[in-house]
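Structures given as structure tokens follow.
Both complexes below contain subunit A, partnered by subunit B and then by subunit C.
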Partner chain A sequence: MADPVFVALAVVTIGSAVAALELRSLVYGSIALMGALGGIAGLFLLLDATFVALFQLAVYVGSIAVLILFTVMLVKRELIFKKIEDKRRKFAGVALMLVTMVALGAIFIDSGIKDITTDEPPVDFREIGSDFVTYYWPALILMGLILAGSVTGALVLARREDIEENGQRTS
Partner chain B sequence: MSVIAPDFRLSSFIRSIFDNAFWALLLANLAGIPAIMMVLFYIEMPVIDGELLTPFLAFSWLADPSRTLPIVHAFMATDLFRVVAFPGFGFAALIAAATIFVERKMLAKLQLRVGPFYCGKIEGILQLMGDGLKLISKEIIIPAKADKPIFWVAPVIFVATAAAFVALIPVAPGWVVADVDLGLIAVFAVIGFFPIITILSAWSANSKFPFIGGIRALFQMVSFEIPLILSLLGVVILTGTLNLSEIAASQSSFPWIVFLPIGAIVFFTTMLAELERIPFDLPEAESEIVAGWLTEFSGMMYGLVQLGTYLKLYAFAALFVVLFLGGWHGPMVVPPFPEEILLDGIVMGPVTAKIPGLPLFTQEMINGTFWFVLKTVGVIFFILLPRGVFPRIRIDMLLNLGWSKLIGLAFVNIFIALGLLYAGVLGPGGMLPQ
Partner chain C sequence: MVNELVDFTLVSIALLGIGIYGLAVKRNFIRMLFAIEIIINAANLNLVAFGRFIPESGGQTLALFSIAIAAAEVAVGLSLIIVAYRMYQNVDVADFRSLRG
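The block that comes next holds the complex of A and B.
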């Protein structure tokens, strides 16, 4: 018998993920997305990874979902989405998803991950942090450069040249 | 001339009182006491004087003065007490209520007005109670085309999130609702929920003014979260922990504001923006967009949002105290509990009352709470003060301040902390004691 908390979290996560895809209202869809991300944070909590769980809440629910919500509210959806009601596409999508999930699940179960048992305590996040700045520092620097590059690129893309600076921005 | 109750008769009044008393006693005996007994069976009962407290004993023991205090003691050790009463919701709500009154009165004095005056005999001290009664008795109006589920739920979730924030704050040594090992990260996670609730409630009202206010609030909160998080990293670097209780305990010799004043200033400024206080109160700018994202709330829904706002204000002020002002540390001003009362009891003429379990709180706890409340009230005063002094700034000035100035200052603060750490002044193995 599985842990009831785990089952509840899994149901919440998968249910709100399906709702995020299927709901007609975009705002409710993004709320459901928040539910799915929050459910994943709960799964991390169950795995004794409090650090990851709290960052999942702070970054994904607190920032990414807010950005999605913001975009949904600022953009008129008629302009970006054409409604195509197609039953065959829908069933094909569901079937494709099922096939992928079953295949992935079979690979996971076959890999012997179910037989691993360990009594070791969870890895402290301080160790992960010190590993990052000592042994894995090139990866850290690379990640930082990629993020900085994408932020700079976004700034360049978002710059509008059709607005004239007429001296109002004195701040 | 009209009278309030033209058919008033004293005899019927007295009879109605007896009637009510009869029904109350009957219902208490038939339903109330059995219900309490049933609930008590499911609660883990404490051991008092070496004897397990059972539901049957509970009532008679509560009436016994020599056993009341131990029962109260046992109750105070429970989580329920912590969540509902002392370091949690009740305590914070009391401070929040006091803040609302003090804010109105203080602003009035700053602007040479009188402020609340008529409600209650002394300086309008009952104004808050009057306002609360008014809000409760008002009708809750929902806009016709509002998105009802979100509109109803948003104020409740707002208060719940603020209460979750309050639960992370340590008030005195060991007195905290949730002593999370990653307390500061948990604080960041909780703060991240406020913009979501704001924008959702603003959108669900389906009205122009709330939506503009909500968009502004979202801009402001999301962009000021970054300097907020960065400004607190200096403290984390120096203490080497994210646990708020440990951070407060590490400041027994000196508060961190001595070494990290820039971080404290940046945090204070971002705090004003997150709380939508006056130089940054664009989301609620009453002269431009009515009341911002609160426009469509009415009755007790508005009351709930106000309660949540002031709980949040208390929690931010308390976080400032914990991180920069030394938390509960301060000179011992509370006298020790007189020992002769413990040993001999209280002598009143011929009667000697010996009361077991008397030091209800330890000396450290009372002293810590005293200093904590004193510092928090001071910080709240400085949060309220700009409202009487500053004008509101434009949104582009606000964003410019957040993105270019405060983030830069926060990095300066981090480098100061790193310098202190690597120069061997502070931190583990540093010259100065912690």
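The block that comes next holds the complex of A and C.
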């Protein structure tokens, strides 16, 4: 049976994920998203993946959440508090969510993974580091290039001067 | 390990369901980005959980790659939000019409 720390982390994660989508204010929503991502980092800690947990904290909670908060602050005040959603699709969305959860959950519980437990020691993070620079080095370099390219592209997109404030582009 | 693999998978499935709900119902661009983030995190949780129980370092390595790529995706998505907001003064995806023909 799961221990109380796991249950608490799972409740925090799922609760803040729901809150991130359902809270009226986008600012509180992004703070709740921060909570959900931090809960995932806690679950990584429970899985003995300390390195991934710290990476998650640094990248998601540290930078992405702050980036989202700043973007939310650039948006008009009325839009932050306005709920924009399809009323007709609401029930269909809830039904889709429940169907996904129940079907996938039933499949997973019914499959053999219920009996999987392990007593083996966790993977050492030194192994991950040496994997990165030996077997995965082309992927690592490619990832660096993709990150640099996408951040540059994002800057160029956000700085475009040919878009007028009130509507269509000028050129 | 006190916890079992199936517990982590169930949390991950719950997060996936919430993300799908958000993508289906919300029309706010920023909220849809939240939903995408939640789905990506559910996938990462699965990777790390299976990597812990096999045990194998590949799961954590793949999760690290996935986190980095998600960071790039969010940067591009947020800049798209800024551009669309400057063009339409709105974040409702139903109002973004220039690709709609």
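By definition in this document, the second predicted complex is superposed on the first by the 138 of 171 C-alpha atoms of A that agree within 3 Å, B and C clash if a C-alpha of one lies under 4 Å from a C-alpha of the other, contacts with A are read in each partner's own complex, and residues count from 1 in each chain.
Assume a contact is a pair of C-beta atoms (placed from the backbone, for glycine too) under 8 Å apart; a residue touches a chain by one contact, two chains touch by 3 or more.
All values derive from a computational prediction rather than experimental measurement.
Contacts of A:Gly62 after superposition on the shared chain: subunit B is touched, whereas subunit C is not. Of the two partner chains, subunit B is the only one touched by A:Met73; subunit C is not.
By the touch criterion defined above, A:Ala20 reaches subunit C but does not reach subunit B.
By the touch criterion defined above, A:Ala36 lies against subunit C but remains apart from subunit B after alignment on the C-alpha atoms of chain A. Contacts of A:Phe51 after superposition on the shared chain: both subunit B and subunit C are touched.
Within the superposed three-chain model, A:Ala139 lies in touch with subunit C and out of touch with subunit B [touch as defined at top].
A count of residues in subunit A touched by subunit B and by subunit C gives the higher number to C. When the two complexes are overlaid on their common chain A, residue A:Lys90 makes contact with subunit C while staying clear of subunit B. Residues 51, 55, 63, 125, 169 of subunit A are contacted both by subunit B in one complex and by subunit C in the other. By the touch criterion given at the top, residues 27, 31, 34, 50-51, 54-55, 57-58, 61-63, 65-66, 69-70, 73, 125, 169, 171 of subunit A touch subunit B in their complex. Touching subunit A in their complex are the following residues of subunit B: 147, 150, 180-182, 185-186, 188-189, 191-193, 195-196, 199-200, 203, 211, 215, 218, 222, 225, 394, 396-397, 400-401. Against subunit C, the residues of subunit A that register as touching in their complex are 2-3, 6, 10, 13-14, 17-18, 20-21, 26, 29-30, 33, 36-37, 40, 43-44, 46-49, 51-52, 55-56, 59-60, 63-64, 67-68, 71-72, 74-76, 79, 83-86, 89-90, 92-94, 96-98, 100-101, 104-105, 108-109, 113-114, 116-125, 127-128, 131-132, 136, 139, 143, 146-147, 150-151, 153-155, 157-158, 160, 163, 165-169. Within the complex, the subunit C residues that touch subunit A are 1-11, 13-22, 24-28, 30-31, 33-35, 37-38, 41, 44-45, 48-49, 51-58, 60-61, 63-65, 67-76, 78-83, 85-92, 98.
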